[in-house]
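Chains here go by letter, A, B, C, D, E and F, matching the order in which they are written, and residues are numbered from 1 within each.
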Amino acid sequence: MRPGTVMLGEPLPNIPWQDRPAGCREVIWRHSENPVIGMHPFPAGWTVYNSSVLPYGEGFIGVFRVDHRCMTPHLHLGRSRDGLRWQIEEEPIHFQSADPDLGGVDFAYDPRLCRIEGRYYVTWCNNYHGPTIGLAWTDDFRSFHQMENAFLPYNRNGVLFPRKIGSRYAMLSRPSGPGAAVAFGDIFYSESPDLCYWGRHRLVLRRGPRKWERVKVGAGPVPIETAEGWLVIYHGVADTCDGFVYSFGAALLDAEQPWRVRYRCSVPLLAPEAPYETTGFVGNVVFPVAALADAATGRLAVYYGCADSVVALAYARADELIEYIKANAE
Amino acid sequence: MRPGTVMLGEPLPNIPWQDRPAGCREVIWRHSENPVIGMHPFPAGWTVYNSSVLPYGEGFIGVFRVDHRCMTPHLHLGRSRDGLRWQIEEEPIHFQSADPDLGGVDFAYDPRLCRIEGRYYVTWCNNYHGPTIGLAWTDDFRSFHQMENAFLPYNRNGVLFPRKIGSRYAMLSRPSGPGAAVAFGDIFYSESPDLCYWGRHRLVLRRGPRKWERVKVGAGPVPIETAEGWLVIYHGVADTCDGFVYSFGAALLDAEQPWRVRYRCSVPLLAPEAPYETTGFVGNVVFPVAALADAATGRLAVYYGCADSVVALAYARADELIEYIKANAE
Amino acid sequence: MRPGTVMLGEPLPNIPWQDRPAGCREVIWRHSENPVIGMHPFPAGWTVYNSSVLPYGEGFIGVFRVDHRCMTPHLHLGRSRDGLRWQIEEEPIHFQSADPDLGGVDFAYDPRLCRIEGRYYVTWCNNYHGPTIGLAWTDDFRSFHQMENAFLPYNRNGVLFPRKIGSRYAMLSRPSGPGAAVAFGDIFYSESPDLCYWGRHRLVLRRGPRKWERVKVGAGPVPIETAEGWLVIYHGVADTCDGFVYSFGAALLDAEQPWRVRYRCSVPLLAPEAPYETTGFVGNVVFPVAALADAATGRLAVYYGCADSVVALAYARADELIEYIKANAE
Amino acid sequence: MRPGTVMLGEPLPNIPWQDRPAGCREVIWRHSENPVIGMHPFPAGWTVYNSSVLPYGEGFIGVFRVDHRCMTPHLHLGRSRDGLRWQIEEEPIHFQSADPDLGGVDFAYDPRLCRIEGRYYVTWCNNYHGPTIGLAWTDDFRSFHQMENAFLPYNRNGVLFPRKIGSRYAMLSRPSGPGAAVAFGDIFYSESPDLCYWGRHRLVLRRGPRKWERVKVGAGPVPIETAEGWLVIYHGVADTCDGFVYSFGAALLDAEQPWRVRYRCSVPLLAPEAPYETTGFVGNVVFPVAALADAATGRLAVYYGCADSVVALAYARADELIEYIKANAE
Amino acid sequence: MRPGTVMLGEPLPNIPWQDRPAGCREVIWRHSENPVIGMHPFPAGWTVYNSSVLPYGEGFIGVFRVDHRCMTPHLHLGRSRDGLRWQIEEEPIHFQSADPDLGGVDFAYDPRLCRIEGRYYVTWCNNYHGPTIGLAWTDDFRSFHQMENAFLPYNRNGVLFPRKIGSRYAMLSRPSGPGAAVAFGDIFYSESPDLCYWGRHRLVLRRGPRKWERVKVGAGPVPIETAEGWLVIYHGVADTCDGFVYSFGAALLDAEQPWRVRYRCSVPLLAPEAPYETTGFVGNVVFPVAALADAATGRLAVYYGCADSVVALAYARADELIEYIKANAE
Amino acid sequence: MRPGTVMLGEPLPNIPWQDRPAGCREVIWRHSENPVIGMHPFPAGWTVYNSSVLPYGEGFIGVFRVDHRCMTPHLHLGRSRDGLRWQIEEEPIHFQSADPDLGGVDFAYDPRLCRIEGRYYVTWCNNYHGPTIGLAWTDDFRSFHQMENAFLPYNRNGVLFPRKIGSRYAMLSRPSGPGAAVAFGDIFYSESPDLCYWGRHRLVLRRGPRKWERVKVGAGPVPIETAEGWLVIYHGVADTCDGFVYSFGAALLDAEQPWRVRYRCSVPLLAPEAPYETTGFVGNVVFPVAALADAATGRLAVYYGCADSVVALAYARADELIEYIKANAE
């Protein structure tokens, strides 16, 4: 597999990037100046993490989870030239909605940003009488149009596919329960003809059996299409007598039937180890949410939340990553 | 309101019926020979409860929850001339399905039977990697065709409306969590253009605030269309230091926007009191699942499960019931 | 000890009474026509239990816990000629209060009625941002004057002594936690110079160690003064894998230092066994709340709630009861 | 299989017995005058249940669980001519022990009585810093000699085999956790050369997968040797939102390697249905503890505790029971 | 508002103080050499935190929570010239008490020190059959006189007002439940004519609704009287899947009716961020307990416990703080 | 007590050692270059901790708990010249077993290594239908022979004595429950004539009463025989609202009746304080597992797991340690 042919997407020559450090044998390695976005992104913001970015114009654009000083999460827009230094707007994103009753203002968190057929979509954990998947579109990152919530509560980590599967939109999500520290969750796949009505639900990845992901699993970045199917980076959660530990997992899903798992990596790609990952508002969390990909070279840059406090960056090469998943598949 | 005009449906002259006993002041009263279906409906069946019936041909037809001797629930077809004496088939219903992976055989329970535009639909609590709403249709009660599960887990008590709302099918359901004794649940409304993809989810009835329904609420019989909107009989659950208590609740929903509650009765219509309701496999449960309605006279016959053991019957007059709901609305 | 001298109070010749049935060897025996007050005391009332009575005028008066049809508890006044047949008012007691913010209307339950120096006091479980001890006085059972809540939440089963101890009013109560099924609670003693400010808190009876009272204990009727100290009948609670079991316990407290236990009966006086005790809204509950005493003869009539559904009556002779407590003390 | 040859033991012509009632199709049927031992077996005893009997002399002897009035369980000896009418001694059994620190006096419950090579052994749930398996022997039912506890806590339902397996004593038990309502437990097998040291532990029956036994399983009567291996009647426990339900299960174990299951019956033989089984101190419990067997005729009489309150009796024929187990094996 | 007039108390020219660091925009800022008291204050002491100080003589005096090596908390006296370097006595404070049964020796923690009308009072979490509010007075910090416990269990964080309200002493406290990690608690106000009997309980601050204080809230330093009412700094607690997070909250209460909240700051003043706050025996805890105030200049020095391990100091200006509370009030 | 005579074992001149640092007053002190084994002991290994070592040949040998990248624990052999720098084999230890069904491959953790009469034994937490004590022997650290599991589940922290007690092998263990974060556990003693059958179980150390060990206690290194009895270093666990805290405890047991505690130190010897102890996969854990002893000089080197991530070393002198235990005994 040649690096430049493994991913089916577009080139992204200005992807943030650092080569693997000398001596490092990991398949994924941390940015040397992590975290790339620290606490207090602006005076009213307390923490910033679990955020999503895309290439846009000359640079990059992102939707950020900013927990305000009252520790309530909101979605904020951010822009960057280089993907490393970000300007995050102090006003939360305002969603226009035909129905003001759909939630979206308070307790909006863990956004994903996905481009499908030229339009941009935000999915997030929305609070509509319980957590569920909020959905909005924008063409210009100025006006955001809130659509119907995709599912009934209780659901989190809704992640769209960047193209239709067959003739339908597709989404991964993680049904679960209410509450701050739910202790179960599997990844399901659903389809929609119109992004309004959803069905044909299929289980994709069940939690476990290994300890690092035996509590719950949830989708992370928008799936990346490769010659080996959809590359999915997700979070897996272990339980300890000092709380949960969140790590990166990875799998390859069938290109046209993404509910079929081709390879599932039995080990985490990255687990909390750096101080900004083990310590913070919620220690021992690395939570992948977005990936930039340069199809021309196979380079990947993964943005991930650390300790529910800051945003960090890690790098990988798609060809190596796919080999690693296959080599470590069960 | 004249009794014979309150309900918008069809006459049902052979509805099972007993007049209100002398001295009874309740808005709903029990059949004098309850339970109408006792334990051990056939040798391999242990209990029979939480079951649904409709007029069919000269008599009645029903889909029954029968917990087999291993206490695993299955769906069984039953037939009756008079709605009181039932022949329940010993073989569980076999659902034909394009996708054998949708669940439906084991742990299928709490069925509802609904006729829409001449076709019969069964909804039930299906086990697809968690409880969710199974859906099947039949035209002849011989072959049953399983469709896609309506929602992602975890969901129970899916109940179809007997006609489209606007141009779409409509369903009530109760999202919740996994496990045998979930302690929360509200009633939501969802729509579908085709019974495959579902969306436009709206909260209808939240649990509480009064004790009798402060733990959870879930839809019961198929909604009954009346001059005052949809008459919905549901179950409300109280918590005590000796387990849960299930009672009958009732509300009137807007005819064209059923997620809008016109009147919600602040008191239960019926709560466990008879010995076959307070004692059994799960004591203190009355669980309404089906209602026969004679639009010509306003008579209602409600089938309900008792103590997770047997099936009982209660009677009401639609006009009185509607008045009662309005008089006791908050 | 002669029966007619053991109790220090007044004669009550018209006390409800039945002699011990032939063959019965129990120290306390049930009224033959139990329950004396059944469910549905009036149309809007669902259950009636855990209620308190006193002699008044020619007959008796009582404050009753009536759970309305919505299962929310309220306090109602009742009157009786013979202590067996009761007229319960359909309107809840209205408490006049200088401060409308003290609670008392909704979720008022488990009342005790106590006469001190000619005035009548009601204590009950009041809902003031959590359960606590409500307090009111009346001279005529027409106007009730709500006083300050005695304690901070979370507290239940507040029971006044019928005379001052030293120069101060005294109360037993059971501090615990919020919620419907708290699993701990001990009986404490507190004093007040004025029924407004309370202090000098002392532990009286800790739960356990025997199974029948190892979960929690709470005071029952107003203490009865005897030649052997205060006779206290209380409830003790066991835990089983089918919920809690409430029984009658008894102890004798020092006359002037009631926080000192002279004798504590190691066995329950009465435990759920009759059908109206084992089955109902909350099965396996006998909950003593009031005792009538005829000092002239030593006869005692104890009113107790059964299964959170009805009111029953049991009889004992004070001299025998005291002997029994002493004989079974640890 | 001829009835008189299926069991390998001795004849017991005076076994308590009633033929199957006309119309009954069950493999096991209840004694017509159940319960055979009611509450209050003597004045200081509250309930009597979960007890074990054997033929002895002209009649029968038994070790009974009697919960005293304080609801603390103790072991008591009882004697009967006919196995139906029992004289239970008011004094608990006194165990002589070389080490007074082994427990045995308080909180001793659920005894089994087993005869091995002419000597009688009692096993029970003993309280030694947690529940574990107490063990004692007697030759005359006058002096009882307490031996070492078989296992470390936390363990219950220890049941000896009536002969050595290979050259070693053998026991079934159910390791679990502390507390009154443990929610898990599987049946294990252990061996001992001398009834003092135990090892070679093997899993025999895991809980589940069917609902009636998905919470826990525990051995019941002493295994009965048959031509088809060891007949084991055990209890299986289901969870409901109104507490646990205990039923009878059955399996056939290999004669010489009893940790190997030959047949496991997928359905319960008997589940709570009679009023004395569904209602009581702990409702919905049938708990088999002892079986008398007449090898000459294949008759079986099973003693079982009901609702943690009383002792009842059920009958079966060994040949039919074995056929039933095999027919219903998975 | 001029800084020197906002507080109504006395000047304290020797208050520990550091000006706000350049570039800092926070309303409250950390001492540059935090923690001011580290672990192991003396050989038998393990941690020191959640402690209270007052001006005394030429310098300062304090009552310190020292968890001994066995991790059991005790109260110790400490003295300092400058409020930064402390001499903590190795012997715990000995409380003289008329009743030796009131608790106070073991498991005494989270003390507050308050001067009222020239006398010094210590309140603390005392263990009297459950946590409750201990109370003692001293005139010389040599002999300490233990008074009656203020309330029944279960209560913590009792904080006296520094003057009578009306004619009565006043205290804030936080009723809750037993156990090490209670998950609820609101701040109540109570009054006493004599510091022995307490009543007139009023809710002041309920937990939530924002995440940072949605689990529980509890009073911190002795309220500070200002021109805008009582300045109350308290702790608010958030729940995460890695345990609780404790932050500083603030409110202004009415001067004469302190149960009326004039302004409540919707955001925390300070949350765990420094390493000595995020890591330690109990990570992510900042717990304010005492505040020194210089009325002449408006300077405030707040002592707070960090991670249940050490004592730190933060500074603020009263006028800025009051403006901040008002600007961020809901 | 002269240092060189306090321990009854053999000299170990090459024991890893550092003298107590100047100014340190602790009875046990940390190695200056801790951790001695860091994370990622080899590419497939994630963490290494809770491991056991012994002198062997010219140097040292050890059995290490290595959690692989999937966070599943395995046992690995390691060798070292100096006890500080270790070569850990990448392949897990392969246990030969007559019965392949005894567990031992997956989820094997917390090994102890013990030499008895010239043969080496490994005990560990084995997964046989629940955690229990696995046991194996080796003479050459090349072939390992798995024996029967010592006990029924659920058990952990099985630690052999290095010689027979009386004529029998002896083991400490900690019965408990299933699950990742069990919240109870006491240390028991058991004996075996042959390392196959175990009995004569006795309680040794119960958890509590002091906070540092009030949740659970479990044996650590193989007991060290001294002139004052068996020196046992164990772990004690405290509960906080941020998870558990594990510390070192110590006791002296009777030489011939080790279930009798001669002295129990009321304070922990060492508690989490260094960064590698407070932060990691499971913060705030110090878990002692092995001790090297030089009987000639009284030097002790204790290996302990830190934060479930790495291995550290601490030093003590046996004579001082014994004096400390006695001085701090209750």
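The rule we apply is simple: contacts are C-beta pairs under 8 Å (C-beta built on N, C-alpha and C of every residue); 3 or more make two chains touch, one makes a residue touch a chain.
What you are looking at is a predicted structure, and each value in this text was computed from that prediction instead of being measured.
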> In this assembly, which chains make contact with chain C and also with chain F?
Replying inline: D, E
> When the contact pairs of D-F are compared by residue number, which of E-F, C-E or A-F has over half in common?
Replying inline: C-E
>> So using the touch definition from the top, which pair is joined by more C-beta contacts, C-E or B-D?
In response: C-E
>> As a quick test, compute the distance in whole Å between the mean CA positions of chain A and chain E.
In response: 42
>> Could you work out how far the Cα centre of chain D sits from that of chain E, in whole Å?
In response: 60
> Taking each chain's centre as the mean position of its Cα atoms, how many Å separate chain A from chain D?
Replying inline: 56
> Of all residues in chain B, which are in touch with two or more distinct other chains?
Replying inline: 242-243, 279, 283-284
>> Judged by the touch rule stated earlier, which pairs of chains are there in contact?
In response: A-B, A-E, A-F, B-C, B-D, C-D, C-E, D-F, E-F
> Given the complex with chain F, which residues does chain E contribute to the contact?
Replying inline: 39, 43, 46, 67-72, 180-181, 242-244, 279-285, 308
> For chain B, which residues count as touching chain A in their complex?
Replying inline: 101, 128-130, 132, 148-155, 173, 175-178, 184, 186, 188, 190-193, 196-203, 206
> Can you list the chain E residues touching chain A in their complex?
Replying inline: 25, 210-212, 238-243, 245, 266-268, 271-273, 275, 278-279, 283-284
